[in-house]
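By written order: A, B and C. Residues from 1 in each chain.
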Amino acid sequence: MSRTLLTGNVSAAWGARLAGVDYVPAFPITPQTEIIETLAGWIDSGEMAGRLVTLESEHSMITAAGGAATTGVRVFSATSSQGLLYAMEMLYTVAGWRTPFVLVNVSRGLSAPITLESDHNDIMAARDCGFLQIHCASCQEVLDSTLLAYRLAEDTRVRLPVIVNLDGFYLSFTREPVEIPAADAAAGFVGDFDPQNARFRASTPESQAVAVLGGSPYSYFRYETHLASLNGLSVYDEISAEFSATFGRNHPAVEAYRTGDADYLFVMLGSFATKAREAVDRLRDAGWSIGLLRPRLLRPFPEESLRRLLAGRRGVAVIDQNLSMGKGGVLHGELLGALYGHPQAPPVVASFIGGLGGRDISAEEFYEMAQTLRQAADTGRTPPPRLLYTRDELREIRKLQAVAHQEREELHR
Amino acid sequence: MYRIRFHGRGGQGMKTASRILGSAFFLEGFEVQDAPRYGAERRGAPIFAYVRAARAAINERGIISRPDLVVVADDTLVPVPASGVLSGIGARTVLLINTTQNTSAWQQRLNISGPVITLPASAEVEDRADLPYIGATCAGAAARLVGVIARDTLAGAIRTELSALGAGVIDRNLENALQAYDIMQAHSGLVREGSMTSAIKYAHPDWADLPFDTARISAPTVFATANSVEVRTGLWRTLRPVVDYSRCNHCWWVCSTFCPDGAIAVDTDGKPVIDYDHCKGCMICVAQCPPHAIEAVSEEQAQRDTTTGETP
Amino acid sequence: MTGTKASIRRMKDLPSTHLLGTGTPMCAGCGGLQALHEIYDILGEKTVFVNAAGCMTLLSVYPFTPFRGSWLYTAMASSPAGAQGIRDALDILRERGELPAEEDLQVVVLTGDGAAYGMGLSATSGAMERDLDFIYICYDNEGYGNTGQQYSGATPHAAKTATSRGAHGFAGYKKDLFSIWAAHRPAYVGTVIGAEPLDLAHKIETVKQLRGPRMIIALAPCPTGWDYDPGESVNIGRLAVRTGIWPLKEYIDGKVVHTRIPRGRLPVEEYLKTQGRFAHLFAPQRDDALLAELQARVDAYWDGVTS
């Protein structure tokens, strides 16, 4: 099989193309726009069947996506950051319709202050909406995950929309060698979309997404959506095994890198986890017993796998590329919830916040986090949450502030 | 704790009743909760409001399931299951009904063991949705039944709650409410505070483990068509339009088209037939009928005539 | 659109059986439901209604629906986008030969004025600019009715609402949604009212035979929000037309044509005095200045009308 250099965005577009999507409601936003431009180009040139329609907002885009999916066609869409938040009402809404489709989110930090670069606060905001979430660490994964996502979404045990997440710039605009599956193999894997009875036809009228009165029916419908999402765990294991057998690439729900004998683990989501992977190798060279866990599924949350993989470790560093204001790292909290009360839970689970707005995490910082973990494990005291931010950076921001405040200070002099 | 429910129709002032009683309790030094229950209720549709009052802080919230007193402003609601008037009524629950019928008739009809008291419907009005000042009247009667609210306190509560409505309206309400308060003298204190749910011996909730159902079943989708007809909106009606076929011109396209609910069908002879299961009693047909062949009659009267075999 | 032969010419020709199911939770005397059931009789069951948050969201409450065709509730802002998704999907299926013509549906957006004049206007504009083949019905009761009649972009000048309770009522003016829509040059824009069922029927028959964006605003007399006796809905609707407050008109083939030019227009106060929301114009004392202003605005409108 030959490999081609593709950006993460074009990989996502290939995923949609190979899944044979019928309909692409779209709205441009950096750093996602390349996805819809690529699809529009293929559709215009006739290389790809399907219809792309640019809506006037992401809110409308997700509404149209849900509307088309409820009518019985295969739908793909893509957004990022502010767009995901603008669509938020409809993310919750269409998930409740139980309509399967795939949305690619290119993660980008949220305003304010507005930025173009990557972090995970956008996708974390969509954590509870009912969409399943697959987080990618490479361009190959973006393509493969898009195919997996259609199988997952359309499975009768799930029937929920799925978000495939990739990091802006670090993946979206970064080319990597990607193996593009043969069209017939991809089509064979994904299969045809069977809308079942969720569709609009003159001879079989139906009223979808109707209102309820009272908490009892509401509880039923909401909890069923939760149960369907939970089913996604075993369904995902099945289809990823089939994917692995078909294409020879393994994408487990949780990537466990050099974890077998490891005393210490990093836990991270997304493309920055490959930096952690590199740090693990260098630390192992230096005699450390350390590994990396990278959940690819965030919803449903692979709680059992994580619990099993974390059992018996001396210390764990959770590096969150997001920040829940007034609480801290979201993944850190979720992991603690999964571990609490289990006899083999690691005594130290430390929280680090890093990579906000695309800020890099250096190799030295990974090494230092490992040192911090070891000290904590030795003393039995979990360190307070730490923002990865250096004195140099603080000095720089002071300089910027001096410039920003200069004129006002001169006026007041 | 006192737990009191007011039942009436949208437009009859049940929220006002609960607020007046709530204020009166509060002025007497009680801790209080009062609230209306909103849903898809419209004018004429059954609604309710409730009041809790206790000497200590109130931790209970939401709908009252075991009331100490149930006040019914509109007796046509009592036999309607959807209105929930009789929900949770026990042997010690006092049922106060605003009605022209007597206590024993109601006791027999409902086959309940608890005390039933009637509030003689003071002003008979054609349209029950316009029952004047009935909210305050109900609150006045309830205030006396609990026996811990002074007459002056009730008056103060009414003045507070109705302050936005102007002196004339307040005076009429005061007059009616105090009259109801006085009528209930013999029953003062009949309503006793209910106890809290015991944690020692209680009915265990029969929790189910929700099974996973596929989206075919568990999506909020209705595969039936036009099954809203199963909802009997005729219960909202306080006035009934009745066609006098001796005067009917058979110009069905007027009444049948204008009926917002499509509740006037046309039979094979071109005769309009009103569907009383669904007619909400808006009276547009009465207003529009060219030969004035449709008459508005009191729903209560119409029902009474129907049960006694008379045609209205 | 010319050459369309209307099958409904007299009141007698109106449908005698009604398609929309009874038992809905709309208020007694709802002018919006009246217009909808008249419209539905003509559009028929080969339709999918795409709804935005408003009173009529409660038409379909699990497990009930009054529709003989299909329905999808979306959200307040984006029902035209829901219609876009459904129409596009139906077209895709048609093109692929997976949807026979007899299985196809008219896609009909149903919103209140809150969505149509405000939150949903961007999505509506987008659907028109994309020349979406759909019908849009706005039932306009001139306020956020389902939440208790707060003022909206559709509220007329001087009307009292839950959020304009001052001595002079609502300070703003009703937005001219007809012209805003017509400026997009859609296939059709029309105003209707349930109290004029023949005019309504003609327009819906016309709309049924057109393609592209077909936009309908139905003035919806609202006993609850406008404060009048429910039995008066049709009388008030007729007065809205006869006083010239609610012009019955259509934009078609690039031209605006009035389908009913009221001869001997009644003074607007004949309409205003029927409703509690305008009671402050008459009591405790007559507000002659405001009444004159309201009359002058209607007069100015009709002075400019030639066809």
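In this text, contacts are C-beta pairs under 8 Å (C-beta built on N, C-alpha and C of every residue); 3 or more make two chains touch, one makes a residue touch a chain.
Computed from a predicted model, the values in this text were never measured in an experiment.
Asker: Could you tell me which chain's Cα centre is nearest to the average position of every protein Cα atom shown?
Answerer: Smallest centre-to-centre distance to the global C-alpha mean: chain C.
Asker: More contacting C-beta pairs: A-C or A-B?
Answerer: Result of the comparison of A-B and A-C: A-C.
Asker: When the C-alpha atoms of chain B and chain C are each averaged to a single point, how far apart are the two points in Å?
Answerer: Using C-alpha averages as centres, the distance is 33 Å.
Asker: As a quick test, compute the distance in whole Å between the mean CA positions of chain A and chain B.
Answerer: 52
Asker: Which integer distance in Å separates the CA centroid of chain A from that of chain C?
Answerer: The separation of the two C-alpha centroids amounts to 43 Å.
Asker: Which residues belonging to chain C are in contact with no fewer than two other chains?
Answerer: In chain C, 45, 58, 60-62, 65, 67-69, 71 touch at least two other chains.
Asker: Check each residue of chain B and list the ones that touch at least two other chains.
Answerer: Correct list: 40, 220, 222, 225.
Asker: For chain A, give me the residues that contact two or more of the other chains.
Answerer: Residues 97, 205-210, 212-213 of chain A each touch two or more of the other chains.
Asker: So in the complex, the part of chain A that touches chain C is made up of which residues?
Answerer: Interface residues on the chain A side: 22-23, 25, 50-51, 53, 55-57, 59-61, 63-73, 75, 89-90, 93, 97, 200-203, 205-213, 217.
Asker: For chain C, which residues count as touching chain A in their complex?
Answerer: On the chain C side, the touching residues are 45-46, 48, 50, 57-58, 60-62, 65, 67-75, 77-86, 88-93, 99, 102-105, 122-123, 125-126, 129-130.
Asker: What residues of chain B sit close enough to touch chain C in their complex?
Answerer: For this pair, the touching residues of chain B are 40-45, 220, 222, 224-233, 236-237, 251-254, 256-263, 265-266, 275, 277-278, 280-284, 286-288, 296.
Asker: Give every residue of chain B touching chain A within the complex, in rising order.
Answerer: It comes out as residues 39-40, 210, 212-216, 218-223, 225.
Asker: Where on chain C is chain B touching in the complex?
Answerer: Against chain B, the touching part of chain C is residues 11-12, 14, 16-31, 33-34, 37-38, 45, 58-69, 71, 194-195, 197, 223-224, 229-235.
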